[in-house]
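Two complexes come next, and they have one chain in common, chain A, joined by chain B in the first and chain C in the second.
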Partner chain A sequence: MSKCEVQDQAGFALVVVEGEVDMSWSNDLRQAILGPLNAGRPCMVDLSAVAYIDSSGIAALVEGYQKAKGAGTFFGLVAVSDAVRSVLELARLDQVFPMYENLEQAEASLS
Partner chain B sequence: MPKKTAQPAEYVLEVEDLVVEYGRRRILDGISMNVRAGEIMVIMGGSGSGKSTLLRHLLGLEVPAGGTVRMLGRDVSEMTNTEMDDLRQHVGVSFQSGALFTSMSVGENVALPLRERQNLDDNTIRIMTRLKLELVSLAGFENLMPSQLSGGMIKRAAFARAIVMDPKLVFFDEPSAGLDPVVSAELDELIIKLRDALGTTIIVVTHELESAFRIADRITVLDHGRVLVTDTVDAVRNCQDQRVQDLLNRTPREMKIDADDYLRRLTEEEPEYVD
Partner chain C sequence: MNVSEQGECILHLEFEARVDNLKAIRPQVDETAVAEGFDEKTADQLVLAIDEACANVIRHAYEYKPGSVILNIYREDGDLVFVLEDFAESIDCSSIKPRKLDEVRPGGLGLNLIDQIMDSWEFVNSADGKGNVLIMKKQLPKKAKTAHVQM
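Coming up: the complex of A and B.
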């Protein structure tokens, strides 16, 4: 089942994404990412369980990162699955996003 | 990056005994071919081989005299206009001429499928459009009009528009024709990357041998409306069929004339259509 869920972590919001991200629901992902960022909270996106992501999903990540930069807060990707990584590499965005192997590494970057 | 392996039975496109006739002339004479999910299939043939006619029928733009075309599991001839419209959300096409709307900017052309079919936020559409323009090395050109672009740029913009919806199946009609070798090689590389990263099934119609050999998983060679061979690049290179070898070696065709047919064509009152 494809979905995303926002979890409150100490000091940041974690958006956990599952399944296949496509245009039918990528706006939900966009809202989940922009919600905490609009409130000035740092945001991490866990992509470990994403089997496919289309460019509307990638656009949600790009917009989130841009929003975070504009607001002076933090945005990063955690445990990026191979399927997502290959799309990020195609768009050369692997050289743009802060990416972390796991949540511990991401948390360490915030401290 | 590892190539995605397609399941042998998972066909995205199935063509069976396709027959096309214009007037009394048979343009396609029993074409059968299948394309697997995640495969790059190149349809090759010289001028008049029927490859452009085949493409129009694969896209459901014309109704054949016989046979079937199944795309993404659906028989194209049995679909209503609405069903066909839904199916086309998953199919991208890059026409040889580019077919850009001259009254729209490059960015507007590329974004058009998103604006027509999807209820997406403007920011999302802008980012998706620019992602695709980046892929085809047209970043920064989105505000130019098609009349301000070179032939190669028009082709790349059409390419971006074809893939902006991340379709499951993409048709490229002569992607390399008229391009300089470097741009041509870049587009070939992009076709392979698209398949590898997104698992896109890609059908390329071309007469450019070098490009075909570079990108194809399998090649279908057409001649006079028939399939001469469908096989891997190596098998096609080594195919012993004389007509395949003539095509690969660019040997001029010997014009064989059917005297009665020729005489009829010259004298009949109702002219035939020509492919």
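Coming up: the complex of A and C.
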């Protein structure tokens, strides 16, 4: 089952994504990411349980990154799965996003 | 299996141009690629390329309106050939180019991914003037040679 859920963490919002991200629901992911960023809140996206992502899912991540950059807040990726990393590399975006191995590392970067 | 002028057809799919059909297409492409000898990583990439091509048909050719799509996969002269056909208004094939990847912006990545993954691709208009055909080729992996050891 594919889904995304926004969890409130101390100091940032964590969007936890599961399943296969494609254009049938990538707009849900986009909204989940932009919600906290529009409120000026830092946002991290946990991608550990993502088995597949297409360019529309990658576009949602890029939009989050650009939104955060423009708003002077923070956007990063946590526990990026091999499936996602492979597509980021193909799109030459693997050096663009701040990426953290786990939530603890992500939290430490914001403290 | 069919044998056509394009080689041996090893997968034939006809489906409605709807985003909720993409999930069912991916495993069939994956199984075909693996059966043809591609490693898991390359098979995953081929799935991505075909998914992006189908998404482009839904988004750009049919503009989310109802329509039919045909995907045929052929084995031909050492290549796996993917032929994706739609029946939407013909587009200007010369206008379709991948964008520069050094621009960090959302959107427009699908054709880049196809370009990165496939050895070659080309858009052609259907022979009857209605619709578009995207032909993508990937060289089949070479079969492992048996080692001969002289004692």
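As a working rule, the second predicted complex is superposed on the first by the 111 of 111 C-alpha atoms of A that agree within 3 Å, B and C clash if a C-alpha of one lies under 4 Å from a C-alpha of the other, contacts with A are read in each partner's own complex, and residues count from 1 in each chain.
The rule is short, and it goes like this: a contact is a pair of C-beta atoms (placed from the backbone, for glycine too) under 8 Å apart; a residue touches a chain by one contact, two chains touch by 3 or more.
It should be emphasised that the depicted structure is a prediction, and the values quoted were computed from it without experimental measurement.
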Partner chain(s) touched by A:S56 [first = chain B, second = chain C, both, neither]: both
Contacts of A:E20 with chain B and chain C, given as first, second, both or neither: second
Touched partner set for A:E101, first chain B, second chain C, both or neither: neither
Partner chain(s) touched by A:R92 [first = chain B, second = chain C, both, neither]: both
Footprint overlap on chain A, where chain B in one structure and chain C in the other make contact: 22-23, 54-56, 58-60, 62-63, 86-87, 90-92
Partner chain A, residues of chain B touching it in the complex: 1, 118-121, 123-124, 127-128, 131-132, 134-135, 164-166, 193-194, 196-198
Residues of chain A defined as touching chain B within the complex: 22-23, 26-27, 30, 54-56, 58-60, 62-63, 86-87, 89-92
Touch list for chain C against partner chain A, complex: 19-20, 22-23, 26, 41, 44-45, 47-48, 51-52, 55, 58-59, 101-102, 104-107, 109-110, 112-113, 116-117
Parts of chain A lying in touch with chain C, wherever the complex brings them together: 20, 22-24, 52, 54-56, 58-60, 62-63, 65-66, 83, 86-87, 90-93, 96
